[in-house]
Structures are given as structure tokens and as C-alpha cells.
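These notes open a run of structures that come right after.
The same chain A turns up in both complexes below, where it pairs with chain B and then with chain C.
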Partner chain A sequence: MHASLYRAVEAVFRKEARISLRSRSSWLVVLMFALTTLSCVSLLMQGDVLSPRLAAAMLWVILFFSLLSGAGRGFADEEQAGTLMALSVYGSSQAVLFGKGLFMAVLLFALSLLIVPVYLVLMDVAVFAWGLLLLTLLSGTYGMAMAGTLLSALMAGARAQNGLLSILMLPVLLPILLPAIVLTAGCFTGDVNGSYLVGMFLYDAIMTIAASLLFDFLWYED
Partner chain B sequence: MVSLTFSDVTKRFGGRTVIEGLSATLAGGTVTAVTGANGSGKSTLLKMAAKLLLPDAGKIVARDGEQELCKASYRSRLAIVTPEFHAYPKLTARENLDFFLSFRRAEALSDALYEQLLERVGLAPGAVDGKMVEQFSTGMKKRLHFAILLASEADVWLLDEPGANLDAVGRSMVRREARLAADGGKLVLLATNDREEEAEADACISLSGR
Partner chain C sequence: MKSCEKGLWALILLLTAGLLYAVFFLVPPAEGLGNLVRIAFFHIPVAWVAVLAFLVSAWYALRYLRRPAERFDAISAVSARLGIIFVVFATLSGAVFSKLTWGAYWNWDPRQTTIFVLLLIYAAYLTLRSVIADERRRARVSAIYALFSFLTVPFLVFIIPRFYFSLHPAPVLNGSGSIDMDPVMLRVLLASLLDMTLIYIALLCHRVKSERGASS
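For the complex of A and B:
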């Protein structure tokens, strides 16, 4: 009798959520990083108004570094806790990839839902297309989370994990960060170009398929 | 039944050859003990058998009957208890069992199965319920690792010093379960320096190390 992929993905997701809530480390680090950056930037601005593109870029930079500061440590944390061997022996590659990836996506999206309203108030930015902003955040955080999960798995075992992860993450995430910034800026001005969103969905689809194909090689590495 | 064939397997660490030219076939339905002094390569052999470590020379092939098993398929039929194996410290025993079971069984962990597993490994429900694994003693953690192994219904058991950190009752449980597993057609590979565990084995691989 074999377990279904859905049940295994759900189990990995639930395990990640439980450990995250109990250890409070990953999401608290991410949240504190975002809040510290936000408060520093708003205090330094002292009433000045940022251009929409700069405001959008800053929002996505905060999300990018939030991913790096905590959420991208999925497999490094497993290695530190000594549980990576157990996961390698019992866990199936696709369940681990999608369970961890989806959890990271939910964590990042929830974080962005917390950050964005605070950011808009502190930076005095108006939004003209709420629906599109929500879709941009959803697609952007999903793509970042899937890429982060794949690269975090690749980095497990490497000595300079944080440094390497940042270096590898930037070129992989640029194709989704740039359209996300342009779209977010468009939401702030009302001048939106929907084709960027199609590009982001395409990136998400390609990243999902590529991660799924590559993860088997990583997991059952010969 | 799953079998495991080592053909002229060599493993080196730096300039030191730990295992050289090992050839052996391990069949399902048997307990094979791996013995040798500390540093002779027992754990290395088990990690290679789990395909967590690659040999520098030679081949290790897992088969089900005549059919060669790919790594993913072999891994899905494997269970291990080694000193490096750790359950999740921030989960309870039940949550750990439920998590690891989700990869191997179609049905969720029932109360009856949970209680049966705890009883088989000698863990009292009252002593573990509501506690996270990080609050367990070393012996209790070892018993939980055995419960995970039993729950997985794996065809291949790789046990590295399974009696270590266990009391006499725990060591007796390990010997009993290993024998039951082999009698049920499973392949049991057991790295040990314990005379009683060695006596339970049907075959023995003695490593000298170098």
C-alpha cells in the first residue's frame, strides 16, 4: 500500500508549519527583519515621497531579503537539527520539494500581506489597482519560494550556505523580481501593463516544472 | 524479496582505505551482522548500503527478485536506525510517526496502530504523550526511531549499533524485532559489537579496517 503524493505533501507542509510555530525562529526572524527595514526607511524618509518605481523596488527588496534571512534556510535547519538523514531516507523527493516550497510560499505571502499595508501607510503610497497588486504579490512570492527551496536544497551541506545562497539567488530571482517591481509600480500609478503578469505566471510555471525535474537528481544524487 | 549485492566495493577517506574489495550478497529473510573494531568501516558499510554514501570502486546493486531497483524505489523500501538518525525534536512521538508514515502508508496513523507501535518498542503512552521529542531521554529517542522503522514496513532494515543506549529489555526488543523481520522475509543488516546481537545473525561480515 503506497501513500499518495498529496498526503505526503500535506504531511511535509504540516510538519514545517508545526516546527515553525513551535520554534518561532524562522518566521520571527523574517518578520523582524521586514519591520526593522520598514521602520528605518520610513524614519529616514522624514516625509519625503519616493517615486513609484523606487517605492516598488524597495518593497520587493525587503521581500527578497526576508526570504534570504529566514525562509530560505529550510534544508540548512534540517541539517543542523540532524533530521536531514531521516528525511532523505523516508521522504519522497516531490513531497519534500512541494511541501517545503508551498509552506515557504504561504509564509512569504502572509508576510507580504502584513508588510504591504504598513509599508503603504508609512511611505504614504496610494494603490490604484488592488487586485493586480495582490496577484503580483501572489505570483512573486510563489516564484521566489520555489526557487528558494530548490537552491536551499542545493546548498545543504555547503559550508558557506548564506553567502552562496545570496549569490545564487540573485540571478535566479531577477527574472521575476524585475516584472514584479514594474507591475507594483504600475499599481501605485494606475498605469499597468498586464503582460508582465503573464511573464510572472510563466516564470512560476517554468520554476515549478524545473524544480520538480531537478529535485529528483538532487535528492537521489549519485 | 529484496537482495543486496556488493561487488568488489572499496571506500577510502583521504588516503585511508576503510573497506577494500568487499564482495557479498545479502538476501531477504536473513540477519547479517557486520562486526569489527571501532573505525573498521561498519557505519560506512551501512551508509553505502543505504546509498547515502557512494563507494570509490565497485558496485552495490539492490534487486527485488531478478529486477534491479532504482535508487528512488530502493529508498522507499528502506528503513534505518543509526546514531546519526534523528526524529524531529520539536514534534511529539505521535506527530513524528504520523509524519514518517505519510510517505510509506496510504492510511493515517490510527490510535490502535500508534498504541501497538509504542507497546512493541516498550514506550509507555503516558510517558510520551504530549511531550516533544527533545524532552525524551536518549533511550526513549532510540525506541521511537525503532517505532518509525517498524511503522514504515520497510523490506530492508539497516541497523547501526541498535542496542546502544538501550537497557537490557530494549536490547532484547531489538534482537526480537530483527529476528521477526528476517523471518518475515526482510533483509536485516546489523552493525554491532554486541555478542548477543551477533549471535542472532544468520551470517556475518567481519571488517578489519586499515
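For the complex of A and C:
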């Protein structure tokens, strides 16, 4: 039973990866959005240096809004292509949720690994704790991916989808965003408090369990 | 049934009139806050009902998912709609109190932030309801969102006070578990909490009944 679920999750993950590599649009839009926002901020700063706290907040605001455009595509693309029905016939709810969610988590983490160095160079910010910064990014992007997958499934069939995901996501992601900003600021100054990271991982775990429990109600509509 | 509802409204009217008298004539000015303390007898009850309405909305969302009855969805939605009104009142009265005591309407105090997040959740929930046309899907989707967003609240209660510095007066029931308040003030506060809760219950019953009457 567990082996078959694992294989089903893997199949959905591979399907997502193949479609994403073939079309490129999903991640290219996220990357270009982030780079445009980054260069805009850097341009307007005119070489001024931000305080570590402000630099961390700015980084997470840019990451949040740019990754959001990718995180919400999970089910909207399926709906547009008309493949949502086929997926609901062949895929079990948990396989679809975790296949799509984990692929989105990998994609968002990879994109953040491209965006963050550009930000650090443009804003002239030094990092004193690389390991912690990577763990913070990992936890933040994972939470964003899992919440984004569930919420984009909620939005399938909604009338006005533009901007809706950011409205739905912000309250849900605040318990991750706030500690992520504190941790990132700590990475920029060297004054680190790791307990926030434990809180982020805990919240990620609770969100995963909640998404898993709630997704069944959405997937198996009577 | 109708006479029961009328009785409830009569009780609310009496209680509100008595409370207005008590707040302006019986409650003594507070140490440090003076007459401004009177705002608290409106602010604390509306903030309490804002949270209560959110709990009721989430509870009926859960009940809807377990047994999809139209009534549960109606209670959840109406409670959220009432909740957003109460949360706006709590935010505005808090901002006025903040301006008069700390000199600024808004300064991201932990309690201001928590109530603001509650406002965001309510707004997101109601926006989601407004963009889904199919009634059954709307009910299911909004129930899932209500429960998912409900998870954030305990985390925010722990995280936000560590993230923002607070000027807010200590809660009535403080950290040591003791109640540090003038006895008259405490009684008036408890009565105003009861009054606002009754107003919420009466409005909830009235709205649910009229909405279900309109849809059937």
C-alpha cells in the first residue's frame, strides 16, 4: 500500500517535472518576475545600504510575491489544459497532493537559490551563516509550495483567479514569513536564534498534515 | 420561536442601556488612563466576539465537511460576515485608544498585528466565497479554507509577541492567572462581554434564518 502510494507520488512528480521542463513557462515567469523586481528595487535604492532587518524583509517580500506566481499554477494549468478530470480519475488524492506539492517545493527552492545570490550581490549584503540561510529558504519554500498546492486546488473553478492566491496565502504563510525574516536578518548579522527554525519546521509539518487531511474533501467531491 | 427572539432583543436592549449608564456613570477613571478606560468596555467585547465568530465559523466549517448540510455552511458564512464587522470595530476602537494613549493610530503592537491577521483571514475567506459560483463547491472550498487558516492562529499567538514590542495594557487575566482590576470595572466588563455575545448570537440567528428563507 505504502509502496504503491510512493510510486503514485513519484509518477505525479515526474509528470510535473516533464511538463515544466517542456513548457518552461512556469518557472521562467517566476524567475523573470523576481529579477525584474530585484533590479527595480536596486535601481531605486541608488546604492544606499539597507539595515540587515530591512534587507531580510525586502528579500522575503520579493521571494513571497515572485514564488507565489509559480506556487499557484499547480491546478490552474491542469484546468486550462482540460486534464484535471483525467488526473482525478487516475490519481489518488494523496498522490496528486504530494506529487504536485513536492515538485513545487523543489522548483521554488531551486528558483530561490538563483534569486538570493543576485539579491545579495545587488544589495551588497554579506552572509555570516550560509547553512542557516539555506535551511530557512528550504523551510520557507516548502511551506509556500504545500500551502500553494492546496490553495490553488481550492481556486480551481473560481471566477477571478488573478491576485486571489496572494490574498489567500498571506494570512496562512505569516507564521513562516515572520520567523524567516528574523532568521535571515540573523544570517546577515551573525546573531542567530535557531529556535525560530524549529518553529518553521513545526509549522511546515502541521501544514502538510492539514493539507493532506483537507485535500481528500476537495478531491472526492460527491 | 418569534417571541423567543423578541425576548432576546428586549434583554439585549435592557442590558445595553444599563451598561451605557454603568460605563459613563459608575465606572471610576482608571489609574494612568483616566476616562479613556471607558473605550475598553466597547473594545474588549468586540475583540472577543471577533475571535468567537472566527471559532464558530471554523467549527461549522468542520461540521459541514463531516456532514454537508446547507445549514452548517450558512452558519459558517454568516458568522464570518459578522466577524469581519466586529473585527473592524475592534481595530478602529483599538486605533483610537492607541492614538489617545500612545500618540499613534497604528504601531504594529502584537495585539494590533493579531487582530489585523484575523481581519486578513476574514477578508480572504469572504473574497473566496464571492468568486465561486457553484453553491456546493463554494461551501466545500470555503470550509476547507476556514479550517486551514484557523491553524495559523495558535502559531501567531506565540510568534507575534516575540516579533513585535508591546505597549498594550496587560490582559484582564494576566500571566500570573490573577485578576488585577477594580471590582466595579470587572463586573461591568463581564456584563459588556455578555451583552456583545448576545448581540452576536441574535444577529447570527436572524441572518441565518433570513438567508435560508431566501434560498429555499
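Structure notes:
Here is the rule we use: the second predicted complex is superposed on the first by the 219 of 222 C-alpha atoms of A that agree within 3 Å, B and C clash if a C-alpha of one lies under 4 Å from a C-alpha of the other, contacts with A are read in each partner's own complex, and residues count from 1 in each chain.
We adopt the following convention: a residue touches a chain if its C-beta (ideal position, glycine included) is under 8 Å from a C-beta of that chain, and two chains touch if they have at least 3 such contacts.
Note that the structure is a prediction, hence the values are computed from the model and not measured.
Once the two complexes are laid over each other on the shared chain, residue contacts for A:93 go to chain B alone; chain C is not touched. In the superposed model, A:49 lies in contact with neither chain B nor chain C.
Applying the stated contact rule after C-alpha superposition, one finds that A:126 touches neither chain B nor chain C.
In the superposition on chain A, the residues of chain A contacting both chain B and chain C are 222.
Of all residues in chain C, only 65, 68, 117, 120-121, 123-124, 127-128, 131-134, 136-137, 140-141, 143-145, 147-149, 151-152, 155-156, 158-160, 163 touch chain A in the complex they form. Chain A meets chain C in the complex at residues 147, 150-151, 154-155, 157-161, 164, 167-168, 170-172, 174-175, 178-179, 182, 199, 203, 206-207, 210-211, 214, 217-218, 221-222.
Chain contact summary for the complex, chain B toward chain A: residues 50-52, 54, 71-72, 75-76, 78-80, 82, 84-91, 95, 98-107, 132, 148, 152. Of all residues in chain A, only 1-4, 7-8, 10-12, 14-15, 18-19, 22-23, 81-83, 85-86, 88-93, 95, 216, 220, 222 touch chain B in the complex they form.
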